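To keep things simple, chains are lettered A, B, C, D, E, F, G, H, I and J as they appear, and every chain counts its residues starting from 1.
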Amino acid sequence: MLVHLLYASRAASPVTAATIDSILHQSLARNPGIGITGVLCHAGDVFMQVLEGGRTQVNELYNAIVRDPRHRQVMLLHYEELPERRFGSWTMGHVRLDRINPSLLLKYSEKPQLDPFAVSGQASLALLRELVATAQIVGRAG
Amino acid sequence: MLVHLLYASRAASPVTAATIDSILHQSLARNPGIGITGVLCHAGDVFMQVLEGGRTQVNELYNAIVRDPRHRQVMLLHYEELPERRFGSWTMGHVRLDRINPSLLLKYSEKPQLDPFAVSGQASLALLRELVATAQIVGRAG
Amino acid sequence: MLVHLLYASRAASPVTAATIDSILHQSLARNPGIGITGVLCHAGDVFMQVLEGGRTQVNELYNAIVRDPRHRQVMLLHYEELPERRFGSWTMGHVRLDRINPSLLLKYSEKPQLDPFAVSGQASLALLRELVATAQIVGRAG
Amino acid sequence: MLVHLLYASRAASPVTAATIDSILHQSLARNPGIGITGVLCHAGDVFMQVLEGGRTQVNELYNAIVRDPRHRQVMLLHYEELPERRFGSWTMGHVRLDRINPSLLLKYSEKPQLDPFAVSGQASLALLRELVATAQIVGRAG
Amino acid sequence: MLVHLLYASRAASPVTAATIDSILHQSLARNPGIGITGVLCHAGDVFMQVLEGGRTQVNELYNAIVRDPRHRQVMLLHYEELPERRFGSWTMGHVRLDRINPSLLLKYSEKPQLDPFAVSGQASLALLRELVATAQIVGRAG
Amino acid sequence: MLVHLLYASRAASPVTAATIDSILHQSLARNPGIGITGVLCHAGDVFMQVLEGGRTQVNELYNAIVRDPRHRQVMLLHYEELPERRFGSWTMGHVRLDRINPSLLLKYSEKPQLDPFAVSGQASLALLRELVATAQIVGRAG
Amino acid sequence: MLVHLLYASRAASPVTAATIDSILHQSLARNPGIGITGVLCHAGDVFMQVLEGGRTQVNELYNAIVRDPRHRQVMLLHYEELPERRFGSWTMGHVRLDRINPSLLLKYSEKPQLDPFAVSGQASLALLRELVATAQIVGRAG
Amino acid sequence: MLVHLLYASRAASPVTAATIDSILHQSLARNPGIGITGVLCHAGDVFMQVLEGGRTQVNELYNAIVRDPRHRQVMLLHYEELPERRFGSWTMGHVRLDRINPSLLLKYSEKPQLDPFAVSGQASLALLRELVATAQIVGRAG
Amino acid sequence: MLVHLLYASRAASPVTAATIDSILHQSLARNPGIGITGVLCHAGDVFMQVLEGGRTQVNELYNAIVRDPRHRQVMLLHYEELPERRFGSWTMGHVRLDRINPSLLLKYSEKPQLDPFAVSGQASLALLRELVATAQIVGRAG
Amino acid sequence: MLVHLLYASRAASPVTAATIDSILHQSLARNPGIGITGVLCHAGDVFMQVLEGGRTQVNELYNAIVRDPRHRQVMLLHYEELPERRFGSWTMGHVRLDRINPSLLLKYSEKPQLDPFAVSGQASLALLRELVATAQIVGRAG
């Protein structure tokens, strides 16, 4: 059973390139073996991530992520059983939100910042889809 | 929570280029900081304006606008919670209705004049969308 | 409130070019002032006309037309309140049905003649829309 | 082809019981022979009437009514081809609106008076249906 | 054109029975003459009110209410053109929320308190409808 | 923002009445203060629980539950933003599945045992709703 | 494959009780063996009949009926493949239309007479269903 | 009232080019005068024909065709009242099924032969529409 | 994953009470252990059976049934993944079709006999549901 | 009656090119004569096959396939009556899954392998359709 899980969290300490590298490194090491695909965004101290894969694998990973001390306030935004993946082409895609047009963020929120804690899960999902549609995700790996 | 508010009003005294400039100036000064986007139309002594943004911010601004002595008969035409903005590309776009093809006005009303007081909010909204679709809004600022 | 009224009638005496000219002349003189747009068709002794505009104006004109001695058997085919005009580009367009492909008439009726008295209002409306879509209306005047 | 026509008008002179009696008398004399059924309402100087029957018969009667000097401002509110009559049990039912609960009128209009000229045809039709549903029509004649 | 407007606000000073009496008194004095119906709720320092009636009348009243110094943070929750009133039986009904079952409030919000500022307009409207359906509105006046 | 979260897990050690009492005790102590309502089922070593409430509160509690050493394999079954609670009448209802008719379990799964790990989230949710509809939940507390 | 066929015709000579008896007699003799069910109506010189059964059987019977010299102008009104019969309880039910309330006929046609030649197949089918629903069919034979 | 009738039949004797010519000749002679359009297919001893036109005309022709000794087992496949013709461009189009790609026949039936007696009317209609869409009908005559 | 499988077959030799007893006996012995529920009908030499349960279990049983020499022409009528069982109350219900009202069979087929080979799977399923709804299934075992 | 049947199975012994050749050979020899079309996929020891054709023919073939000792665990994934074939262009197409992009498999399942036993029939059908759409089927034979 394929599921799609979207969550947000806040970094426990200021996010550096090394933090991101380390997370992406862990993801690329572990996700292919367990059939997980997805996308990781961050902006300021906010993370937002999609995880797609088998229901058991996604939940095991999510439970590990919930316990990860590098962030807190881990909050589910959307969860759904899916007939097919939507982000299946990324082992773990990465969006560099500092390079995103602010009006794209404004389209889905009150202020031109990423703030998934303030909007509905649908709005965050819509933003992610628009990022895919406008090819703003790096790290494609089929 | 994003909302979309559309209202009409009548100028308290004849509208001059200076009046419009002053309003647009105020809008460009204040709206970006509070995440408001929208479009302002006027024709003769009639104003019609869309305000989009956070529910609190839009209402605070609308309440200020209701009290503004430069116009009267401020009347809501449409109000809606929205998953995403429709006019998100304009800090405050401007439509010079004296340059609009009269048959566009006629399409949505009994006479070839802007008269939002006489038609349903849906018709006014449809006119605004056709103005966007036909690229008749100036002052784009993302 | 915009309405759309479609009716048919039969000429009281054989229709000449002068009859048509006189009606179109009256229409072009009066309709723009009262915001009426539409299309007039005729074929043999049959008239079919769309009137669009404010509800009051369309009804006043229709009541005048009902009393006009140049035709009889005035019969409503369709009447509807509309959010926007469908024939808003014609002060009073004119269709020269003698120049129409007979298979277009056949598509909507039992015989290849215009006979709105024998078919539903929807069929007459569909014929009119196909005339618009295939650009068979003259007298465009925006 | 069955049609349903709803119109409103204003009496040319103050309406007396005799006016109403005379109209109902004419209706009961003529309608059964031509298969017309319907309902007549009046309130103050306003008439509102439904006519149902064959398309030809309804239009002939409507054209006579348009010319009747006892009223003016005859205005169509609704017109529709129908698979079956809605008011088929009344040769010409009569609603004594002075006996109607004002809150029923208020439900469909801005003021607690019958004013079909100010509201959409749908609202007038909805009011008529509620009158039928609450058995406020007299003169049943199957 | 009938509209339905729902808003919330916060009292400028602690709400006493006298404040409520004075507002209801003003409402009963003015609303019938301008065809306004509706319901007023309050709980703690929060007001929530529905206004139904003609579009012009509702907006004039709302603009007066926006300016009323007895409350602040006046915020639109819902606004809609309606074919028929939903609260047409109350000149201005009143809900004593201190007598309401807390689980009814909990059903529509995070905490068992009235907090229209924190929930969508739809949720507030749903709560109001459940209050009507469970006959918790006093002051019926047809 | 109200959310509805449904998950399953397996007890880390055999479930005793004391385990259940302790969990229910904790729930009744903490949930009312944070506006959480829901239902807890267990059967053999399987737990299944619904949590409803504010998005932040539900996620904080869920993250605590994920870390609770008394169970493992915590797996999300369903997660949804809701306009209104479905289980709002229970601070934390309890279903004694050992008293449930086995054919009710069979209706939604391959074997007559509770096995949320083997069926879709929708099926588990449907079972829970049938438990509510057939009044098999104890511990009602409004 | 089950089909439903509805047709009308006009008797070649005045219909007597003997004509009807003879047709019903033939129907009851032949229809059960070939799995045909249905209803026969007549009024004046008009017949209207539903035939339901296997596609081959219904067509064979219809072709025989088309050739039957006792009537002419045999005209299909409705034909449909069906998942289940609608008139399956009648080997050949009979409606004595001279005993039917005229307002039932008026409901579906311009005049209070049975005239399937003048109305759509849907209207004739609707009349037949209302006859079934109001138990006006005799000759039930399961 | 326009109708669309589709039937199949089997030739009484082997079909020769002369049989087809004679039928098409009769059709072209009679159909235009009575406003009938359509398409005739044949394959082996099977005929399949669409007739479109006024309800009276189509039925008169169909009744003549039922009696035509050149074929037997005449069986209705589909019959429908239509707002507009689907085959209005052919006085009587002709499909030479021996030239059709067998996989087109296979798409709609169990064997790569035309066998309307074995499939639903919808499947035969779908085949005919695909023949039109792929321009496999000859004898276009507008 | 729950599935629902409906098939028909023909007995290899005349069906006796002993044959049925033996099949039901086998079913009651094996089905509960593998979570299979369903209904078995027979009439003359025709069997029709529903099997519901886990996808693997239903297919294993069906493959055994396909190989069972007591019948032949085993033919699938319907197969579907289901969120919940429809026949979950019967370990293996039994319908004595010789006691069924023939008009019930006639409702879904050309002749008043059970002939699932001649009708669509939907029709057979509809018959089965009507048997359940009219409580004609024996052997309830919850 | 056309049906569409999709099943999966596991090879009884390691699959060699000769096994596949032999099956395809049998298929090409027998299927055209009985009007069967379809597609055969295999990957590792898993087979997945679509069979389309007449209901009787597909079931006869499926029953033969169920008994074929070259594979076991034959399991239905999808079965449906169809108005038209979806794979009508292949006597028996063949997909060489070892040449398929793994991300296509991943899109529909938890791991990048073909595992129809673990996913719903809809997912397997969706994968097959994408193989058709992306032209990955060989052995086209019209």
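Basically, contacts are C-beta pairs under 8 Å (C-beta built on N, C-alpha and C of every residue); 3 or more make two chains touch, one makes a residue touch a chain.
Chain labels with UniProt names: A, B, C, D, E, F, G, H, I, J = BLUF domain-containing protein.
The structure presented is a predicted model; accordingly, all values stated were derived computationally and were not measured.
Enquirer: Check D-E, B-C or G-H against A-F and flag the pair whose interface repeats it, over half of the contact pairs matching by residue number.
Expert: When the residue numbers line up for over half the pairs, the pair is G-H.
Enquirer: In angstrom, rounded to a whole number, how far apart do the mean CA points of subunit A and subunit H lie?
Expert: Using C-alpha averages as centres, the distance is 59 Å.
Enquirer: Round to the nearest whole Å and give the separation of the Cα centres of subunit A and subunit D.
Expert: 63
Enquirer: On a C-alpha centroid basis, what's the spacing between subunit E and subunit F, in Å?
Expert: 37
Enquirer: If you look at subunit B, which of its residues touch at least two other chains?
Expert: Correct list: 1, 120, 122.
Enquirer: Could you run through all the chain pairs that touch each other?
Expert: Chains touch in the following pairs: A-B, A-F, A-J, B-C, B-E, C-D, C-H, D-E, D-G, E-F, F-I, G-H, G-I, H-J, I-J.
Enquirer: Where on subunit B is subunit A touching in the complex?
Expert: Those in contact with subunit A are residues 1-2, 35, 37, 53-54, 57, 83-85, 88-89, 142.
Enquirer: Which residues of subunit H touch subunit G in the complex?
Expert: 1, 3, 5, 55-56, 59, 62-63, 66-67, 73-76, 78-79, 81, 117, 120-122
Enquirer: Which residues of subunit C touch subunit H once you look at their complex with the stated criterion?
Expert: Subunit C residues touching subunit H: 101-103, 106-112, 119-120, 122-123, 126.
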